[in-house]
Amino acid sequence: MELDEITISRAIVASQLEKFLDFMEMDVAVVGAGPSGLTAAALLAERGHRVGLIEKKLSVGGGMWGGGMMFPRIVVQEEARRLLDRFAIRYTPYREGYYVSSSVEAVSKLTAAACDAGVEFFTLFSVEDVMIHGDGRLSGLVLNWTPVEMAGLHIDPLTMGCRVAVDATGHDAVLARLVERKGGEIRVKGESFMWAHRAENEILSHTREIFPGLVACGMAANAIAGEHRMGPVFGGMLLSGERAAALADSLLRT
Amino acid sequence: MELDEITISRAIVASQLEKFLDFMEMDVAVVGAGPSGLTAAALLAERGHRVGLIEKKLSVGGGMWGGGMMFPRIVVQEEARRLLDRFAIRYTPYREGYYVSSSVEAVSKLTAAACDAGVEFFTLFSVEDVMIHGDGRLSGLVLNWTPVEMAGLHIDPLTMGCRVAVDATGHDAVLARLVERKGGEIRVKGESFMWAHRAENEILSHTREIFPGLVACGMAANAIAGEHRMGPVFGGMLLSGERAAALADSLLRT
Amino acid sequence: MELDEITISRAIVASQLEKFLDFMEMDVAVVGAGPSGLTAAALLAERGHRVGLIEKKLSVGGGMWGGGMMFPRIVVQEEARRLLDRFAIRYTPYREGYYVSSSVEAVSKLTAAACDAGVEFFTLFSVEDVMIHGDGRLSGLVLNWTPVEMAGLHIDPLTMGCRVAVDATGHDAVLARLVERKGGEIRVKGESFMWAHRAENEILSHTREIFPGLVACGMAANAIAGEHRMGPVFGGMLLSGERAAALADSLLRT
Amino acid sequence: MELDEITISRAIVASQLEKFLDFMEMDVAVVGAGPSGLTAAALLAERGHRVGLIEKKLSVGGGMWGGGMMFPRIVVQEEARRLLDRFAIRYTPYREGYYVSSSVEAVSKLTAAACDAGVEFFTLFSVEDVMIHGDGRLSGLVLNWTPVEMAGLHIDPLTMGCRVAVDATGHDAVLARLVERKGGEIRVKGESFMWAHRAENEILSHTREIFPGLVACGMAANAIAGEHRMGPVFGGMLLSGERAAALADSLLRT
Amino acid sequence: MELDEITISRAIVASQLEKFLDFMEMDVAVVGAGPSGLTAAALLAERGHRVGLIEKKLSVGGGMWGGGMMFPRIVVQEEARRLLDRFAIRYTPYREGYYVSSSVEAVSKLTAAACDAGVEFFTLFSVEDVMIHGDGRLSGLVLNWTPVEMAGLHIDPLTMGCRVAVDATGHDAVLARLVERKGGEIRVKGESFMWAHRAENEILSHTREIFPGLVACGMAANAIAGEHRMGPVFGGMLLSGERAAALADSLLRT
Amino acid sequence: MELDEITISRAIVASQLEKFLDFMEMDVAVVGAGPSGLTAAALLAERGHRVGLIEKKLSVGGGMWGGGMMFPRIVVQEEARRLLDRFAIRYTPYREGYYVSSSVEAVSKLTAAACDAGVEFFTLFSVEDVMIHGDGRLSGLVLNWTPVEMAGLHIDPLTMGCRVAVDATGHDAVLARLVERKGGEIRVKGESFMWAHRAENEILSHTREIFPGLVACGMAANAIAGEHRMGPVFGGMLLSGERAAALADSLLRT
Amino acid sequence: MELDEITISRAIVASQLEKFLDFMEMDVAVVGAGPSGLTAAALLAERGHRVGLIEKKLSVGGGMWGGGMMFPRIVVQEEARRLLDRFAIRYTPYREGYYVSSSVEAVSKLTAAACDAGVEFFTLFSVEDVMIHGDGRLSGLVLNWTPVEMAGLHIDPLTMGCRVAVDATGHDAVLARLVERKGGEIRVKGESFMWAHRAENEILSHTREIFPGLVACGMAANAIAGEHRMGPVFGGMLLSGERAAALADSLLRT
Amino acid sequence: MELDEITISRAIVASQLEKFLDFMEMDVAVVGAGPSGLTAAALLAERGHRVGLIEKKLSVGGGMWGGGMMFPRIVVQEEARRLLDRFAIRYTPYREGYYVSSSVEAVSKLTAAACDAGVEFFTLFSVEDVMIHGDGRLSGLVLNWTPVEMAGLHIDPLTMGCRVAVDATGHDAVLARLVERKGGEIRVKGESFMWAHRAENEILSHTREIFPGLVACGMAANAIAGEHRMGPVFGGMLLSGERAAALADSLLRT
């Protein structure tokens, strides 16, 4: 067979733009492809929803790649071990209740699971604004290419609609801050001191619908609530993603 | 259970530094975690060798994430379809002989396979130099943290030994150029025009041992040989990784 | 009528996608939307060819906007006055044989003419490489988004095919240098001293097919031939664009 | 005829500085050469006023070149179709009431119309301050070369007088913010969420004289009023430019 | 003896790893290796405490290297002369009560004394956050590699526990500001005017425990209290370090 | 006693400029305050010569601070242990013949020894050129403030005379390259591969007078000779410094 | 005569050192060598005071070099013509009451006059802080090399004492802002709109002692008072400098 | 009298425009306003020639402002003392034959003399190219605004004609290199070592017509000839400027 560049180019453009047009009205837009966002997206797609995962960088995985201080290992506690098992992430016990995994493996297995569940990825997409119409619900995201912003160009964005959005953008809590800045009833408090144990507890209680149509999860939830920081312990992130998926699922069913 | 930050930190540092010390004498050092490097590393580890994958960036996957022009799709031709199947990467046929996959899925599945096979990842490691002793063989890599270089700091490197190294660093052909610059018998010619079909053929014939102890694969092989460029078609990359694994395996057995 | 963001986004993506796929095999690819490129493109499209104009910047017009030293005026000599008339660019005589126009008007009128003739614009597209297959003719361009390069990202390009390409990239002579660097039989000599009168004469004689399938025009022609520079006098540029159109037209008819 | 560089240089300097001196007292200074500014300027000049268009960049067109997310298409709704016709911008219907045009064509046709109407362009001019004397009216603009600012040089500005100024500087609302910062009775609220339909309605009602001698139009009007954002839909911009022209015209007649 | 690179690498990694794990629970963490931090660390270690000195730069010595305006000399007044003697820093009298030393000698002698006393140095470590648990005491530092921050990477930190921390970070008062920003009962006022004489007196009275478990010393103490600046006179810095050591020592004994 | 800022400033300026004037004719100018430069300077000063140590950075110590890959440890082999003892640098044995020291301690102890021996430090001084008069000997250094160069200012240098200069500038071999670039009979070959054992041997044989009045030592010697690189093993550096001191001493005695 | 580099270097260092030590207690420190600062300094020195002119840049002249928008001309009105005459700056009348001079000539003549009057220049000196002791008067300046700041180095400043200081730093009003920031009773309001006529009147009434020992002049005076901006008309600047000289003179006599 | 901004702006633009047009055909274009360029220009203008001084920076004076290593003093030897006297630059003897002046005074007095002699300054003008027509003489300069280059804009230059040009651009030898790069018979060798005495002698012998119509002077002359560097000794520069003036004068008279 003679390979042809034009056909290759057409295959890529046509298949991706079809997806893009197709996902301009999706069920759930998860923003941020770190551990909690990947978990939420995977579990929502497993339940049959059409899920788009919006990530501003070229690669997914967020802050998990670097482990702690560039030592590419993460720790997961007992309560979340079942999620490691679910995503086939291998681990070794360190002390009772502490399990260590490779951060590279954790990213790749979570991502593979999201792919297998049917999540569609939109990488290099930055959220510039949100869309809120007369019903006061968040109903879409205003997006642009990240390199446009990096290059300092002034180019208009486009819009993708969604029934529910999940803010999994970490400390920045991007969606929450956009809603706050433009007058929505959200106050993003920023994180408090590092306290891993408390952080792990709080992250679940703050994983909730913070604005009509908008669920916060992962460290974005803690940042909005003004709660504690965690270090490179990721059990709470996975559990928060799981909880965000359950919340979004119930919103979609109503 | 009460989570403790100090224990978490200890778990991460101790487990990674143990790996680091352990891999200071490894069987194969694959440099560059793009598609051909991941493939080579996965297949070599599956054969039981101790394989370290050295990657200068924080994330693995190389140039595959962005597909073609930020449309995150890759094309694979008929000949390499069996490797997609082997790594459980899903695809849809575009025209006869052309298959389209998600680039995010391709990266995550190749990486997951490498993890499962036992490959150890050393991310944010830049190769500063190579080690060649009296026998004239490449016997180790001289490494530094990438952020040290990004921050413009002047800090000495460390060394990891290996019996075979694989240069999977793409167009840059980093290992080959280091050997060339310091007087080794290699000439890196740089790539010629884009010609996907020819590139796919050439990449296999140029995947070979270019210096005692050093195997070139992927686009590094084409760049060294002065051969053609490919676009976002990745079949040849996977096949080249497969062939590099076979070559390195036979070198290790002699 | 209720305006809907999703419909707007779909309209934009779908209509551009269709053009993009449609122009992956075009008659002529003119690279560089300065005065000579715009002229060549407009005249070729008027003759019925399918012409794509590839421009690396967000806006077209090249170096003409700034006139001389930011004084936004250009000068055109007697011989090229008929082209000003053809494109409805107004002018005032300065001395016998010298006509002064607004540089803003010149850019907008040339561009409007190209649009009316059916030229399709691909802005923010950088040419990374050229495609040359077994017949030794330039048969396509390897393209990427300019912001990808500006942002320092490593992403694969895509390819657009063309029967003839016109290098109207000014001093840089981008296509000619790509062919030269990779071993084609072209030598780009760079420009000589400023000598407006000689430059105006030479530019026409050097507007020619410099490689099978590749026509040079405008200052790229002079730069390749090692000829003189011009200042903000644009008659030669327009005439060179006109001549390049005639040459490309005859190539397309053979 | 022998072309002479010195004559060319003299022609350019003399003709532009004559215009500069001539426009130091103009009827209307439109600031910002995006779609609404170009429309306002063209229509005002058609009515016989002496109109200067001040643009900080080298090229005109503002954010319209890039369409939506670098897909160079714009959408215009039914209500504004007559303005496309007026400026000879071609379009194709997408769905009922939605028309798609090339963004390159839209910029060039609007600019050509402004040129033909007699608008004088002052590109690479940044507004540093405004001039307000004892009568409390904005009576002039304090200007500098944009490259002076880009190069971080400390050089005094010059002044151009005008009877009316139009702030068409987009989200930045440059003139309004200058008046606000120095104690004038203006509050620039910044834009609210994306809501294309509402934005299109609001933009007309907020196109008004916001300070004696200063008319706001385009997205500057919405930004001042704290109203909604639009995406790449440009009907409202053109209509706002048309309305600003009518307002400025009536101010000039009193 | 044949030197072996692998052994060298192992020696370095293994010995530092052991220290790092060992100091994850230390007695005192002194942050900032300028003159007051070095003094405090040296004197505390001489009393037998396990002291880690955390420094964000690659080299220690802080602002002392450059003397005054790059003239590498420092002045010490009569009251602190005994500390110069203690650390074997030579000096020459300038006028009565003023002694001049080489700044290079002062840095190296203080550092050598700290080394001899058993202080362990952690250079290129930035403090990202502090750890405060239920008892409301500062009980640890959240740390990252400085080059990670310089390179703009997003990587999680690790934690080192301490019974007492000393903020010797100079004007920035890094620890105090972290506690302040996250709601602790500290107000960092910033420094007042230069007044060397008053500054020297105040620095001692403000060297105190400013938060449970946190002692401020050196210019950080003055910055927190809103007191005066000093110039290149270092007696007060040494005396403040001495006093901080005494305070921390008594805290450790309770 | 009332501290007075003006007296402090006078003390600093007067004492340093006196030193500066005093050292404008010195016996030996050692350039580069890394391990070999510090050793050479200390030993030469101990023999009674007037030694200036010129260092382009604000701090001394060169690449030794960072140990290997930011692990602040250095290794010294058996042959050089006596120099550790001489400079009171403590160490622990790792394996037979390998000793590990703190890099911070090594820098501070070497520097303290140089200070005690009477070496005068000129930090933030960059060597711009060398002075070679009719006798063909290097007889002085042309110097400027490093920040002048960092700030991109164009300011003339000053000159310090010396009877002998020592190039201890590491890989850059600054003095050697200046002589080479301006026609002196030196060829700087650049370093070869990493080979710690060979490097340690070669460094001594290449520590020699490379040009009349110019002695090379440390890694500069190896770089000039085109010999091997070392990693963070510092025995050879200290021995090379010792040898350079002996060579310079004998040159000064002739 | 044989020129000797060492003697040249000694001559420069020794003569400047003497001046520097000599001016550590001066009568007046004028900060900012623009038109008003040069005028004030020249006139004060003519009256016999010891005047130091502190300038952060390498060259003096401030914003006067560039005239208006890089056209190197300045305008002076009738009232200040006598100062042009005094400093031998030539001019041509434009219209009644408006005189045009070369900006290059104006800078050089003012500077030459200041030199002849005995003003001592300290260029590349940045004011970091002010010195205010128990009597509540500004009694000195805390200074550093500008390149130290440009290079981002952390180096302590030195101090120069003065009986009176003149803030001639233009819009920035550097001294006034330092006093304001650290609690002095000054409010810097920033400039109002451009209104040349009013500005010229106000600048004289606001040239006054704004804090004990501190006189404001030139645009700093207007910026502090919240008054109007001027363009490239310099009469008021010269008159303000003249008035500041008179004020400082009377302060020095009390 | 009521000051009017518009009149001020007109005065500046009109008077500079007139000069600009007037000098498009000048007798001598001196490029570079350092000490030798200022001297040459002043002396040529004193002889009645129309002299334009082209300077790329905003201020004139070149490298003389900073004296030696930021100590703003220059040294002049006996032979050139008469030129100090001629330009009224004051000096103090240091040793026999060495005179020290203030660098600020030297710049301002040279510039004032040039102004008085009628030299016209064109600051912020960069030379992009030279104009050489059929007679093989340099007959003009191709110029652009320096900020255009600093801002990275692509804008065409303008041309000014001259009968003779003087290259006084220092080490860069800008005109000579432009002629060399484009094939003229000049070889710029670059400077040799610092040797003040020789440099002072050589500079006069190399001040000569290096290409028809082009005279080199100052350090440009030495750089072209490959001769020695000087430090902050300026006698040779002034003498070279004097000689260049004599040479240019005789060329103009033939």
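A few notes on this one:
Read from first to last, the chains carry the letters A, B, C, D, E, F, G and H; within each, the first residue is number 1.
As a convention for this text, a contact is a pair of C-beta atoms (placed from the backbone, for glycine too) under 8 Å apart; a residue touches a chain by one contact, two chains touch by 3 or more.
None of the values given here were measured: they were computed from a predicted structure.
Chains touching both chain A and chain H: C, D.
Contact with chain D and chain F alike is made by G, H. Set against the C-alpha centre of chain H, every other chain centre is closer than that of A.
Should one ask which of B-F and A-B has more C-beta pairs in contact, the pair is A-B.
A separation of 43 Å divides the Cα centre of chain A from that of chain C. Averaging Cα coordinates per chain places chain C and chain E 62 Å apart.
Inter-chain centre distance (chain A to chain D, centres taken as mean C-alpha positions): 40 Å.
Shown for chain B are the residues in touch with two or more other chains, namely 5, 8-10, 12-14, 17, 58, 65-71, 124, 131, 140, 145, 147-148, 153, 155, 158-159, 194-195, 231-232.
Which chains touch which is summed up as A-B, A-C, A-D, A-E, B-C, B-E, B-F, C-D, C-H, D-G, D-H, E-F, E-G, F-G, F-H, G-H.
Within the complex formed with chain F, the chain B residues making contact are 129-133, 140, 142-145, 148, 153-159, 182-183. Residue ranges on chain H touching chain F, taken from their complex, read 62-63, 65-71, 191-195, 229, 231-232.
Contact residues of chain G toward chain F in the complex are 5-6, 8-10, 12-14, 17, 20-21, 24-25, 58, 124, 131, 140, 145-148, 150-151, 153, 155, 158-161. Chain F makes touch with chain E in their complex at residues 1-5, 7-17, 58-61, 65-75, 77-79, 88, 90, 92, 94-98, 100, 102, 104-105, 107-109, 111-112, 115-116, 121-124, 145, 147, 194-197, 200, 231-233.
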